[in-house]
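Here the chain labels run A, B, C and D in written order, and each chain numbers its own residues starting at 1.
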Amino acid sequence: MNWLVELVLFILLLTTAVLALSVRDLLAAAAAATAFTFTMALLFVSMGAIDVGFTEAVVGAGIVGVYFIAAVFQTSRRTRD
Amino acid sequence: MIEFLHSYYAYWAIILLLVIGLYGMLVKTNLMKKVIGMIIFQNAIILLFVAAAFKWDATVPVLDPAYPSEDPVNYLNPLPHTLMLTAIVVGVAIVGVAFALLIAIYRNYGTLEEPVLMERMRSE
Amino acid sequence: MPLTETYSSSLPFWAVAVSLLAVPAILWSARKPNLREFWTLLAAAIKFGLVLALLPGAKEGRVAEFVLLEIAEGIELSLRADAFGMFFALIASGLWILTSFYSIGYMRGHHEKKQTRYFASFAVSLSATIGIAFSGNLLTFIIFYELLTLATYPLVIHSENREAIRAGRQYLAYALTAGLLMVAGAAWIYGTTGTLDFTPGGILEEGMLSAGGMRILFFMLMIGVGVKGGIMPLHSWLPNAMVAPTPVSALLHAVAVVKSGVFGVVRMAGFVFGPDVMAAYDLNTILAVFAGFTIIVASVIALRQENLKRRLAYSTVAHLSYIAMGAALLNSEGFTGGMLHISTHATMKITLFFCAGAIIVHAHKENVSDLDGLGRAMPWTFAAFTIGAMGLTGVPPVNGFLSKWFLCLGSIEAGQWLVLGVFLVSGLLNAAYLFPVVYRGFFRSSDKFRKLGEASPFMVVPLCATAVLSVVFCLFPNLFFGLFDLATAAVEGIMKAS
Amino acid sequence: MEAWVHLAVAILLPAFFGALVAVIFPARWRNAPWVTAVITSGLAFAASVAGLVYTASRGEVRYYLGGWEPPMGIELVMDPLSAFFCAVVTGMAFFVFIHGKTVVPRETPGKEAAFYSTALLLVGGLLGIVLTGDLFNLYVFLEISSLAGYALVAIGDRRAPFSAFRYLILGTIGASFYLLGVAFIAMETGSFNMGDVARVVPALGDSAPATVGLILIVFGIGLKMALFPMHGWLSDAYTYATSTSTAIIAPIGTKVAAYVLLRGCFYMFDPDFVREGIPLTTIIGYLGAVGIIWGSVLAIAQSDLKRMLAFSSVSQVGYIALGVGLASPLGMIGAVLHTLNHAVMKACLFLVNTNILSRFGHTDIRRFDRTFRIRMPWTMAAFTLAAISMIGLPPTAGFFSKWYLVLGSWENANYVFLGVILVSSLLNVVYFFRVLEKIYLRTDGEPYDEKNEREDAAVEREESPASMLFPTVFLAASLLVLGLANAFIVTYFIRPMIPSGL
């Protein structure tokens, strides 16, 4: 039923992962990382781990996203890397 | 091992993610990027657990009259799931500490770029 | 005579422990020199008394044994006062008393610093030496051996100048490497035989290891003990360590440290490998080659030394190898000669070092060429020196003759004419490097020392005592606690068992 | 019997409980966190020793948390091995905490409660690793202890946060690899329980996933253990942290990783398989051997005492790995005994380092001189004894662990290991005697005369306060006791823990 959805999610996962590591704006990288985590949460749900998916969405995407933004504003936004 | 990987393509994606994460942690010079790599790496492992517990034609581990409950084949194994809840929380705690350290480093040296940081540390 | 009758007794333990127990007392009374020296002398006297108390049993072939605890799995920290160990312990503890008296005179006469550290290290060294003598197995031996290394380190670096520190580093490097090789060797033996107990006639038996393995093991253990015993080419720490510090610690090197080394050589030969194994794998030849080489080369080097102490140091190197050579002969005459030489060389060399020390403290001369005419100012000292020189050369009324006689007998018995030649040539060399000193002292005239009198009685009395001892020991070898009987009893133990 | 079951929890709880209690006191009770830490670690130590004695005579104790039996529940297993490591961890923590009374308020002013709370969390996490019978639970405890460790390392000078960050990244890689390995093993065996795994694995025979899992676990734990070549994080982390942080982490952190290594290679898997099938232990052993030499050489190159001790830790961990690499009873005895000995030695040395730092304000070896001995005679005596033990001279404890390793090397006819042990002892001599010479001797080359004797006499004794001196000297003295009692320890505590397959 949902292997197609999973495939899309996997591709999204890999894209956001590469994106998060390669963009030079750290805030964009943080956004990509959050997107990655959220995609991961969706994937968990699709694999039947509903509880894990919800936790990941709230804790992984939510809190870590907030952390990220807080950290970027506390430090610098640009990177050469 | 080979047929194990062959049987489910998710494992290939997981391996790719692990490599990407490791690359981010070890090769990237910006410390924030290292943390992102760490997140990717940890999540890939969690995905591995979840994927390992996944079975086609089985349902979530909640009792359902439509599936015969006496046959465990019909349900996913809930144990890895519950464990992964813990793993996620642990991972977030580590990321939190990492950010705290990043802010401390930035206050002390005004940069998050590893080469610059090394330079400034050596010169003091 | 029964060979292995043992009885349990804590005397060996107390003999080892008494000087260790004196250390806190010595440190505690650091500010009261008289009290501090009293502790040293008291410990020395008690130690000698304890060793003497063990003597009757050892002579009858009864071995006092004391097991303190299990020190490593399957190996006990055991002390056994067998005849051979008794022999060495008797000499070491007896000479400690003399040395203590002399030390006090020397250290005070020379206004040495750090006397407390000196006396404390001295006491620990003596404990370790007696421990080495009484060790019942190889691991115990190693433990005391390493303790001796550590305890003598402060003595080597005593003067704390650059030279002394360098000598100290060299000493540590040599001695600790040696200790490690012994540990490795002991582990090998334990892995092969399951025991490390010293047994008369040897732990190892033929065929236990391959010929190559046996030789490597022999090298490991012999390097281990040979470093302290000054066998060439492992000797080079010795002259440096002897010259840098005061002659008193040089004296310690003449008695305690180096003698533990050669004692170890004989222990290994007689009680670990055993004469049979030694003969079967040509190990004795290896030992004999190194020992012979050392005897000749060290004597020749001694001939070229201008500094008196250095000359004596090289002479020590040569004479230590006499003892190793005795063990390499593998017959009872050889073993007897070697063991006797432990005692005879000790008395003679102590006499010579006492004399050298007295000359340094009193006349402030260190070089042989500066001694012209000093013999007239210091007749007693030079007389004693002459006796010591005669002894080392092997002239009859002095005890050096006794041990050399047995060594020569042993080499004839073994049919080793080359070894006999080595002994004879080295006797000539001994004469060549020692008698010039006597000659200069008595027969060259000089005005430099006209007003100089004899050194302080604190030093002269001990040195005369040891000189007289040397002579008496030759004439009546059994007079002192039956040393001679003890030696023969020990040798009989080794030979009978093999 | 029933009451004894609770011993396993009695070890674990005080630390976590203490971590909570330490922070609740009002700020004006300045010593309250310290008292809490000392009391709780002391209780845990007492319970560990009781457990050690109990398990040595009557075998293992299993405790089901909440009464839920495995495989659903989590069990705590206290067997001779884990009881031994618990005793080491709690014992070292106890003494270091006592030592912290005056140092911690000085080094981390106003944050004593946070310090002790974190340190207790570290101890609790490490105890959890040792006691748990569940692979995933072990991961959680691993991360708890690591988090506390990162926090402790981050307190320190300006460079400390960065070294803590590097430690965090590498530590996370290590822990993640461990988790990855657990995933493989759990997938293959269907259980997270170590006992179940140990029962199932032999039946699987030559199972690739389980093997890969073990290799991943060993790799991850090797990182945590600072096994060569994964030791890079250790030196900076130890150097820049405050001296008490280092003193608490250094003796026990890497040891617990060594425990996991032992547990994984010899208990969960068939030792024969690990040794022969995949030459895993052999690889560990050789890595350890290289680490011994490498750590010692780098230690010689250091001019700072603390950094030197950090590199010496790399080398000493190598001994433990070498013992594991021998994969024989003697090797295991050597490894376990060395864990204990090295913990005591390193704790003592780092406490000495703290004493020096708090009295002289630096630990630069080049600036050491002989007034150190006059000013702090007892501390220096403790240093000397610990140094002698590190070198491995009898009758101190350090000699005997090496003795068993040497015996084991002979038994396996592994001459490389043998050579490494011997050479490294000499290297240890070099870097310790360099310090000892500075402390005890005049190194300026001038002769000893009245003038500098007067100078020496003018130097006053300023020994550390009793709270610092007692643990330092006690640990140093216990090195002698451990050395003389090693046969007892081996016979009564280590022999029973050797798994039957070894």
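Quick note on the criterion: a contact is a pair of C-beta atoms (placed from the backbone, for glycine too) under 8 Å apart; a residue touches a chain by one contact, two chains touch by 3 or more.
Given the structure is predicted, the values throughout are model-derived calculations rather than measurements.
Trainee: For the chain pairs A-B and B-D, which is connected through the larger number of C-beta pairs in contact?
Mentor: The comparison resolves to A-B.
Trainee: Once you find the CA centre of chain B and the CA centre of chain D, what distance in Å lies between them?
Mentor: Centre-to-centre distance between chain B and chain D: 29 Å.
Trainee: Take the average of all CA coordinates in chain A, do the same for chain B, and state the distance between these two points in whole angstrom.
Mentor: 11
Trainee: Quick one: report the Å distance separating chain A from chain D, using the average Cα coordinate of each chain.
Mentor: Comparing mean C-alpha positions, chain D is 38 Å from chain A.
Trainee: Would you kindly tell me how far, in whole Å, the mean C-alpha position of chain C lies from that of chain B?
Mentor: Each chain reduced to its C-alpha mean, chain B and chain C end up 70 Å apart.
Trainee: Among the residues of chain A, pick out those that touch two or more other chains and give their numbers.
Mentor: Chain A, residues with two or more chain partners: not present.
Trainee: Can you list the residues of chain B that touch 2 or more other chains?
Mentor: 80, 102, in rising order.
Trainee: Would you please write down the residue numbers of chain D that are in contact with two or more other chains?
Mentor: As it turns out, chain D has no residue touching two or more other chains.
Trainee: Counting only chain pairs that touch, give me the topology of the graph as line, ring, star, complete or other.
Mentor: Per interface graph, the chains form a line.
Trainee: For the complex, which residues does chain C have touching chain D?
Mentor: 69-75, 77, 113-114, 139, 142-143, 146-147, 149-150, 157, 159-162, 165, 169, 172-173, 176-177, 179-181, 183-184, 187-188, 190-191
Trainee: Quick check on the complex: what are the chain A residues that touch chain B?
Mentor: Result: residues 6-7, 10, 13-14, 17-18, 20-21, 26, 29-30, 33, 36-37, 40, 43-44, 47-52, 55-56, 59-60, 63-64, 67-68, 70-72, 74-76, 79-81 of chain A touch chain B.
Trainee: Could you please specify the touching residues of chain D with respect to chain B in the complex?
Mentor: 71-72, 136, 139-140, 143, 146-147, 150-151, 154, 158-159, 161-162, 164-165, 168-169, 172-173, 176, 179-180, 183, 186-187, 192, 208-209, 212
Trainee: Which positions of chain B touch chain A when the two form their complex?
Mentor: It is residues 9-10, 13, 16-17, 20-21, 23-24, 28-30, 32-33, 36-37, 39-40, 43, 46-47, 50-51, 53-54, 58-61, 76, 80-82, 84-85, 88-89, 91-92, 95-96, 99, 102-103, 106, 111-113 of chain B that touch chain A.
Trainee: Which of the residues in chain D come into contact with chain C in the complex?
Mentor: Those in contact with chain C are residues 333, 388, 391, 393-395, 399-400, 402-404, 406-407, 409-411, 418, 422, 425-426, 429, 433, 437, 441-443, 445-448, 453, 484-488, 490-491.
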